[in-house]
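Residue numbering begins at 1 within each chain, and the chains themselves are lettered A, B, C and D in the order written.
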Amino acid sequence: MDFKKVMDEKYKEILEGYMLDPSEIALYSSQKFSRKAIEHKISPEDVVSLHRSLLSELHPDLPESVHRSFDILLEVMIGYGFAYREHQTLRSIQQELNNEIDIAVNMQNTLLQTHIPNLKPLDVGAISVAAKKMSGDYYHFVQNKDHSMSVAIADIIGKGIPAALCMSMIKYAMDSLPDDYHAPNSVLENLNRVVEQNVDASMFITMFYGMYQVHNHTFYYSTAGHEPGFFYRQSDQSFHTIEGKGLLLGVDKQTKYQQYEHTLQVGDMIILMSDGVTECRTEEGFIERDTLLEMIQQHLHLPSQELVQTIYKELERAQDFQLRDDFTLIVIKRKIKIRGLTRLFKGY
Amino acid sequence: MEIQSCVKIINEWDIVAARQLGRNVAKELGFGTVDQARITTAISELARNIYLYADQGQICIEKVTNQNRTGVKIISKDHGPGIPDLRKVMEDGYTTSGGLGAGLPGVKRLMDEFSIDSTVSVGTEIITVKWLR
Amino acid sequence: MDFKKVMDEKYKEILEGYMLDPSEIALYSSQKFSRKAIEHKISPEDVVSLHRSLLSELHPDLPESVHRSFDILLEVMIGYGFAYREHQTLRSIQQELNNEIDIAVNMQNTLLQTHIPNLKPLDVGAISVAAKKMSGDYYHFVQNKDHSMSVAIADIIGKGIPAALCMSMIKYAMDSLPDDYHAPNSVLENLNRVVEQNVDASMFITMFYGMYQVHNHTFYYSTAGHEPGFFYRQSDQSFHTIEGKGLLLGVDKQTKYQQYEHTLQVGDMIILMSDGVTECRTEEGFIERDTLLEMIQQHLHLPSQELVQTIYKELERAQDFQLRDDFTLIVIKRKIKIRGLTRLFKGY
Amino acid sequence: MEIQSCVKIINEWDIVAARQLGRNVAKELGFGTVDQARITTAISELARNIYLYADQGQICIEKVTNQNRTGVKIISKDHGPGIPDLRKVMEDGYTTSGGLGAGLPGVKRLMDEFSIDSTVSVGTEIITVKWLR
């Protein structure tokens, strides 16, 4: 109540000053006044009403119809007042929701955290960024007892909270797989049954599951409709799409998955990703897979982790910092042996 | 003794009549112009709801006194379809038809007291009060 | 562009009309104009500017300082324009989030759905309503092979999305318990370990787990800090708080739970609830547990499902349709035998 | 040849000077009063950011021509702490200090073009354009 009087006085001071001497300072003061009024929940119709009464105070001689005209402006401003007041509650609802989501994101991160296995002949890098706060992309590494490494990458069709809930389920399902269960096709077949049973019919998951055998440097993999990645061949510096077919998880309980394999030479690379990488939408349209390869080529010399981070930064900027989809990029490089140094390393 | 004046809402002219009635009472009681306009807007919203969603209904206006306060009470009553989910209808940002921030939550925010009672296929009664400060 | 002209004309018409003859119709038209302007994203500063220019058109003779005064009002309204425009985007973000949450709620409902066992000597009713869209309350019934019935009721400390994520975990953990694992204290001890391991330290769960043995009409139960329920004794129509102690889930991995038991006579009842029932906040403050019991007493004659629904409706209204906490209420009544009819039922 | 005029932002008076500069250019180019006020408000917000969060910075205003359009370009450049998370700062409803709807997303919405470049502990450059319609 008292505060309103102070604000009224302030407005009067600004208005009187400006009517005598129109200066930029007065206008700047108005902007500051506006900010303060909004902070203190003064409605726009209050401001119009104040303006009207000051005007008749300063110009008692104005025609009645001029005063009257403010009735109309006031009435219209009440509508804006509605919007303004709704905005205030919506904003606090939004903030509350944001806090909730932040907590949920933390839980999700704890749940989904994965360690990149430290296998000496491999240099592995991975990055995953959510478009919204909660990710519907998922990746997971397991270092198996037989010196192989499993890698999973998955993408829920859908984003945000439901995708995140679905993701948790996949994680629980993977956790309850027996320890010695590595064959990519059987893993996908098993997960497919879980998804089919537990997730509603409108939700699908694409997944790529691979297993890198260190002793023969062969990568075994199966795909459930997942965005194809690339193999990079160092000998002729060429990229090859990772071929492979398979139905999405959750479509048909009976789905069988085919298993493929590919052997890597030193310097060769496996590049896995979610469609969020290729669906980066820049001002010129979606980026082409070729453009992506050019980017990768440019930074090939970098260690894998730096490589994926650099690619992400470039694509983030290209699309004006607004990710349209969750973004996951994994690079697995078979290290180049450096003569003399290899002797120092044992175990592979 | 309280006097209650009512307007049956059948067409848009009746909305105007209800507004006029409310404005007169508010003015008589000594509400300022902004509050007059707010009370009128609230009446308008309630009357519009009757006009749009219920076949029969009326808006009643009465002066109320409570200890040492006076105020204006608006009663909106209809025999329309009723509101199946009151929690939903009182949710912010829910109405898409009512425009930004309008609808019942908007009315509730404009006024000091607000209560709603609705039974599906019987009707809805909304009572709202604004006190003179 | 063209639309703006139409709106300008409309405003002019209203304003001119009103300046000549101030009528309620013109004011009503202003309200409709306001609604339309807001729908079509016309900013409040545009309205003020329009008002100013119409005023100088209709009153070319007004003092310069009166026109000038509108510079100030305009400047202030630009601040409200900021809020107004932000509101529009926030509103669509909010709608998108709401859609997401709706989908997640469906998933949660599918995941958490439970069937009330159909045991002839019992009449069971249950209701659970989320304060926000996603519930952090959980209840679950299992009809065991040995003709007993298990009932779980739990409450996450916390609401909304994170609570829902946590709830899913509890459900997965319960699903993976062996089929013959019914002893309330061991179930809680097992779940406590899962929660302690997987959920972050700030999140706790209260849980009550009971098992009703039909052959001796004894209810075995343990509690992990859960809101105490009531036993109703038909013989003297009295209510008794369900005593029992136990630490919340997730506090200490080693927690042991005590098991209690209580035998029911015909007409006796078990009332279980979450604290959302007693934390109903009405205008007169929180409702007392006694008030709740009075309500239950009034409706005791109703079948259990109707009973819980009636209590919910009354409490919902009492707190003005704004639940402050998730609300769960379960009633298990040992049916009164009706002579002559009992002979028709076999199996107990 | 484009002429760029700049104002160093050290105290609040400089905010006013930057506003005046922008308003003059906008007026010269033939922007209407509402757009003048919007452009000035955008300048004000940017200058205020420099004043509040960066030690050194300046606002430059220039006329721009692009095929058959003319407009006003505002360049805000500082050697302040930089913004670590651009996605966050461009998020609606994020700034609590800037008041409802203000801050950088508010400026972006007021103007036609907007780009931001920021490096932590180096500084921030914001370029924004409003075209004459």
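Everything below uses one rule, namely that contacts are C-beta pairs under 8 Å (C-beta built on N, C-alpha and C of every residue); 3 or more make two chains touch, one makes a residue touch a chain.
All figures in this text were calculated on a predicted structure; none of them were measured in a lab.
Considering the contact criterion stated above, the chains in touch with chain A and with chain D alike are C.
Set side by side, the interfaces A-B and B-C show unequal numbers of C-beta pairs in contact, with more at A-B.
Annotation: 45 Å between the Cα-based centres of chain C and chain D. Spacing of chain A relative to chain C, judged by their CA centroids, is 29 angstrom. Residues of chain D in contact with two or more other chains: 37, 41, 93, 99-102.
Across the assembly, chain A contributes 27, 31, 35, 38, 71, 75, 78-79, 83-84, 86-87, 90-91, 93-94 as residues in contact with two or more other chains.
Taken as a graph of touching chains, this assembly has some other topology, since it is neither a line, a ring, a star nor fully connected. Across the whole structure, chains are in contact as follows: A-B, A-C, A-D, B-C, C-D. Residue ranges on chain C touching chain B, taken from their complex, read 24-25, 27-28, 31, 35, 38-39, 87-88, 91, 94-95, 320-322. Residue ranges on chain D touching chain A, taken from their complex, read 15-16, 19-20, 23, 37, 40-41, 44, 86-87, 90, 93, 99-102. Chain A contributes residues 45-46, 49, 71, 74-75, 78-79, 82-87, 89-90, 93 to its touches with chain B in the complex. Residues 32-34, 37-38, 41, 92-93, 99-102, 105-106, 109-110 of chain B are the ones touching chain A in the complex.
Those residues of chain A whose C-beta lies close enough to touch chain C in the complex are 11, 14-15, 18-20, 22, 26-27, 30-31, 33-35, 37-38, 44, 47-48, 51, 55, 58-59, 62-63, 65-66, 68-69, 71-73, 75-80, 83-84, 86-87, 90-91, 93-94, 97, 100-101, 103-104, 106-108, 110-111, 158-162, 164-166, 168-169, 172, 176, 198-200, 203.
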